[in-house]
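Both complexes shown next keep chain A, but they swap its partner, so chain B is in the first and chain C is in the second.
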Partner chain A sequence: MSTTVDTAMESPTASRGIFNRFIRRNGWTLGLLGILALLLVATKIIQPNYGPAGIQGLAISVLPLALAAVAQTCAVLARGIDLSIGSMMALTSVVAAVLMDERSEGFAMLVVFGVMLLGLVLGAINGSLVVFTRVPDIVVTLAMLFVWAGCALLVLSTPGGGSAEWLGQLTRGPLLSDWVPKAAVLLIVVVGVIWVPIRRSRLGLSLYAVGSDPVAAFRSGVSVTWTKIFSYMLAGLFSAMAGLTLTATTGIGTPVPGPYTLLSVAAVVLGGVSLAGGRGGVFGPVIAVVILSLIRTDMTFLNVDTNLATVAQGLILVGVVMVGSLIQLRRER
Partner chain B sequence: MSLAETPAKSRPRWTTASGIRALFRERPIVPLVGLLAILVVVSEVIRPGIVSPNWAGVMVRAAIPLAILAACQTMTMLTAGIDLSVGAVASMSGFLVATLVADTGLPLAILIALVAAALVGLVNGVGSGVFRVHPLIMTLAMSLVVLGLANVWQLIRVQTGSGVPSAFRTLGANMVFGFLPLSLVLFIPLAILVMFLLNRTGFGRLLYAIGDNPVASRLSGTKSWQVLIVLYVISAILAGIAGFLYSGLTNVASVTLADSALLPSVAAAVIGGTSILGGRGGYSGTMIGALILAVISSILSSLGYPEAIRQILFGAMIVFVAAAYTRITSD
Partner chain C sequence: MTTSSTGYLLEATDVSKRYGAVVALSSASLQVKPGEVHALMGANGAGKSTLVKILTGGVRPDAGVIQVRGSERSAHSPAEARRGGLVSVYQEPALIPDLDIGSNLRLTQTPVEPFRDWAQRLGLGDLDLSAMARELPLASLRIIDLARALAIDPDVLMLDEMTAALPANLTETVLGVVNERRGGRGSIIFISHRMTEIAAVCDRATVLREGETVGVVDVADPDSADRIVELMLGEIVEDLADRDELLTRGRLDPGISPRLQVKGLAAAARLRDVSFDIRPGEVVGLIALEGQGQDELFDILAGSERPMSGEIVVDGRQVSFRHPADAIAEGMVFVPADRAEALLMQRSVRENIALPFSVRPRNWGPVPRGREKPQVDGAVERLQIDTRAQREVRFLSGGNQQKVTIARWVAGGMETLLCFDPTRGIDIRTKHQIYPLLRELAAAGAAVFLYTSELSEIQLACDRAIVMFNGEIVAEMHVADADEVTLLRAAHNLKADAALPEEVVAAAHAEEDRIEEEPSR
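Then we have the complex of A and B:
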């Protein structure tokens, strides 16, 4: 509140006020970026020939989980949680793989849009069930996890299908410079094109409003029902894209959900999004996913057992969240 | 006003709509047993002659380990928490005993496994009680840690080999007189203990108080961090015991054995009428909930449907039961 008054009253220091506010609002994300930079330096020290190839591999392996984390962010921001993201990814991935198998490249374009539409529909079903049954989000999406996983098995009982050549090319290799992997560009473009306009629109504002206080949002004329459904539709859309990238990078569809749901929750929390809703953004979780993946890579370079990497991921998650809530507790006192 | 209400009150309570609601709210066990009875009838209709004492025994035997894991969820959900580490802890304890029993003997192996489980619970409790980390995150992270450590342990012990001790196989899988599962010997005292804890002790009342209104319970002097630490330690020890039964029932010792039981354990507690938002519910409903899930999956497998359809129906039924329950009990 005081900063807005400052910026309005004293125009000479306005730019500094905006700068300070930017730092305060994005402190968590900037901190994550700092950790990421340190980790990259550490990786270079551990493995002196870590270069463009390593970065490209990292970007490709991070892509599905990063999109899953964005999907989870959309649900969590509106004070929900979506435990069915992994299953929706499996379902959309096998649908894409079955439809694209041995078809023309042009038809695959149609399939990509169709699958994204499917993601929206799956999300709409999740959201409607949450809103209209009034059962807690976690229970509904837990049950839908089984439903979507079953549907994925119906579509394809064993891994199979195929992927269009251009879709795979979209994620592999560098763009312009060797240091800029296509997968990273794709991620930034996709998230930027969908998330940024929404964030700046009325819908984005109501998303945050419902997340921070549903009753206050309702009293100020925001439709809590539709905002909730919309947040789940966004989660479904990003899950569908994560499923598409799974098909694109592996060339097949796998009906068994990967560990994406739980890791997406972890990434969201590490990314500075409050599980109570209404606070955070999509870029923090994406950076958190890269950090988690880079730590795993570093541990492989150091010849540490990969199982210990799982332990490290869990400990980092706990450690970061503990520090975060300690800061919160301090502030409240 | 009171005169006008008297005739309505003199009628049997359950004949009015609000009376039925009150019945569901106060005695959730009644409609749940009704649902269970319907499911048993459905089983009999689908496969005439299937319902027998032996069949009932198989159902109960399948439900018992799930009901123990669901006890963890019931107690943590009463405080508005959840314990997502029960699957990993149960798998770990079963696996630890199977790999240690040859060297140390059964009692010591069980002790080591339960101490390991209790340590996980202690970390969970300290994290969610003292540091106020959301239990969902805390237990989720601990399940990653436990799984990773169990995998490391598996690599260390790979030469010695492993085997589920025969005592566990007897306890987990055997039936007395052909219809009484032997695991009841373990389960009945455990169930009585859990219900006693929840209904008859100060500890149980504190769980309800913390879940119902954390601020009010803090203002009235509850040290919630102490309660939560004890709660999560109990929950982890129960999960460890469930792990013994799982390894005995399936005669498998693997580090992911009970993982698939994690989500059904949450479902059993929810179907049993425990609110995930805290403060409402109990263990009697949860036990019926676990039994309902066991019967549902038996019906689905006796229909001969493929795994895919079974999963879809399983999920749909959880949503349906939870929705019906919420609709009936909310005003």
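Then we have the complex of A and C:
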């Protein structure tokens, strides 16, 4: 009988080595990277002159959605969902554009920090409402979608305002090599600087714990309440940064939310984050955003009707998630 | 270490807790001395789990004082209780499935070295800290959870049914560790249904009944097991069952062939080998402590789960159910304890009663209201369902809701009624309508299988009683012999004449070796 325990300890983990385990734990992300590589090759075949300019355009265009996807990941990991991400992006974007309009470059620095703080506050309001009213996440954030969208229109009723020059420069052009767009570096640095330390802290553990098994988390001494609020604050922070990149890349603030909320959910799902919480990371969804965008680009190159391309995008999403889940299911047996 | 003037490490006095109209605890007290292993006992619904939740900070008491070493303490969360020196280990391990073991340790700020030592002593010497919790078998997770609790050397360690689902050798290891800690610095509160384990490792036992502490028993006393059973039951209510009437029960024509035969049914870890018969016209009662396999048994009979092995024979034909609809087609219908599982709370009484016999896929056409009405009305009248509200089922009382659940099967026609604790949380008046109803249905030719968590219901409603322990039938008796003491002893798998702890532990565990590992969550 002692074999039950002994074999269990040896079998799946110790014997196969760290490398194998890394592949297994990050299988989904690695798979997405593989798909991305294939897509880049395909793009080069379809459009032989696709090069540094294309890559830079791609990086700039995915920046807001990639940050929105990271924001959504933070909410979903703790078993929540944030439908107000698009509206928070609009609100933070117009606030930034209005405050930076015709002001000094140095003042813009202050604005950037202020807007990030605003994102944290918006998220804290979302999270507190979810936790203290006990209304389901999806209902609260759906309601806040309208609230933040209305606030954005109150701040600025038509597109306008301005952006500091340096903020725009942060996203445009290459860094060191023509093949390395600044936008991509910015994305990696921002996500890395905020996410990686959190992931390794007890706070990050709590985030996964609450999403994975709230009862076990509670019994392990995790405060479910504060962890949930914290997850929405992170979602707010990344939404604010997504809003800032909207202002930075377009040079103005747009009060009407783009299609970011639902696309962020799509990216989270495609990125291997379980909507039931507790599983996944932020890098999967970021790669998923690039894949979704690259598919659109390829279809444009192939002269596919844009409406048809939207249909195809949806079908690809379902297909990839289905195949991926099947593979995972088979592996777990 | 300092203790209070009273000498108790943990002391809970007059703790009470109400949930709405339900009194979960009225006046519970618990006094744990330093270095002792203290058992907390009580029948289902006695308030044990509420007291545990209050001690661990999961629930706030309405009144009462909890003192640790003589100073008052109020924990509002398990985290606070933990900092106060009280750590709990449950049957379901509190490990996060999506984190590796190392991260789980960091989450509770558990030092790794002591954890490793304990893991080694508990038989997990080669534990890989980077293994994901979800990849480990459940038994290992339970041991890891215990090692994690021991690693911080808590003042009070609470083991809440921790051994209930452990394989035998691990149970022994755990009991060994518990025993070693006796007389040490900290105390252990030990909760288990197994009387033999209580006898083996505990010093004293506090018994709860109906939300009150009714006694503290010194386990070393030779008749402690009987004392505990007595205290758990309280005064046996005699007025309910008429002795002469009892003796007349179950007098069926021996020629009647069984309606339902269950042969060697087994499933997963909890249900191991169950065989019994029920004949038409008979009410058979099932008694078991929580988690002895009765849930699995009913799920299989009702067609919601499929057995791993064994046979179900209905009227001499072997059947296999893929869906509850298959069981219903065989006339085997299920009444669960939780009405919310059976009823559409936001639909009318009529729709709820008519549902099972109007929604079979082959009649997905228009609902024949003309034919339906007399059936529904007949059932409503027969069960005296209070339909004054004429509204959604959720506005009915619990008792009336349960009657709707039974009425739907009476209206639709059934031959075998499977009732899983149908009177749970129902008022006494309705209860006493349900018992005669079950007897009436049986008299009309139905076979009734009744699981109940209330021992007195056996003599109120049944012809025969069977007792399950650890996934097997351990006793079967005529209702006249099935008094509460006998049933409770059988449910704890104690033999009629007081058995020796060691031998019973061995007997109870010998078979457990076969229990297969459940996949971890």
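As a convention for this text, the second predicted complex is superposed on the first by the 307 of 333 C-alpha atoms of A that agree within 3 Å, B and C clash if a C-alpha of one lies under 4 Å from a C-alpha of the other, contacts with A are read in each partner's own complex, and residues count from 1 in each chain.
Assume a residue touches a chain if its C-beta (ideal position, glycine included) is under 8 Å from a C-beta of that chain, and two chains touch if they have at least 3 such contacts.
On a predicted model such as this, the values are computed, not experimentally measured, just so you know.
Residue contacts after overlaying the shared chain place A:Y50 against neither chain B nor chain C. Look at A:R202: by the touch rule set out above, it reaches chain C but stays clear of chain B.
In the superposition on chain A, A:L142 makes contact with chain B only, while chain C stays out of contact range. Of the two partner chains placed by the overlay, only chain C lies in contact with A:G278; chain B stays clear of it.
Contact with chain C, but none with chain B, is seen for A:A216 once the two complexes are overlaid on the shared chain. By the document's definition of touching, of the two partners only chain B reaches A:V311; chain C does not.
By the touch criterion defined above, A:V321 lies against chain B but remains apart from chain C after alignment on the C-alpha atoms of chain A. Of the two partner chains, chain B is the only one touched by A:L129; chain C is not.
Here chain B and chain C are compared by how many residues of chain A each touches, and B touches more. The contact surfaces that chain B and chain C form on chain A in the two complexes do not overlap at any residue. Across the complex, chain A is touched by residues 82, 127, 131-134, 136-138, 140-145, 147-149, 151-152, 155, 263, 266-267, 270, 276-277, 306-316, 318-319, 322-323, 326-327, 330 of chain B. Partner chain B is touched in their complex by these residues of chain A: 81, 129, 133-136, 138-140, 142-154, 157, 262, 265-266, 269, 275, 305, 307-315, 317-318, 321-322, 325-326, 328-329.
Those residues of chain A that touch chain C in the shared complex are 1-2, 4-6, 8-10, 12-14, 18, 21, 25, 202, 205-206, 208-209, 211-213, 215-223, 278-279. The residues of chain C lying in touch with chain A in their complex are 56, 58, 77-79, 82, 88, 90, 92-99, 103-104, 106-109, 123-124, 126-128, 130-132, 135-137, 139-140, 143, 167-170, 513, 517, 521.
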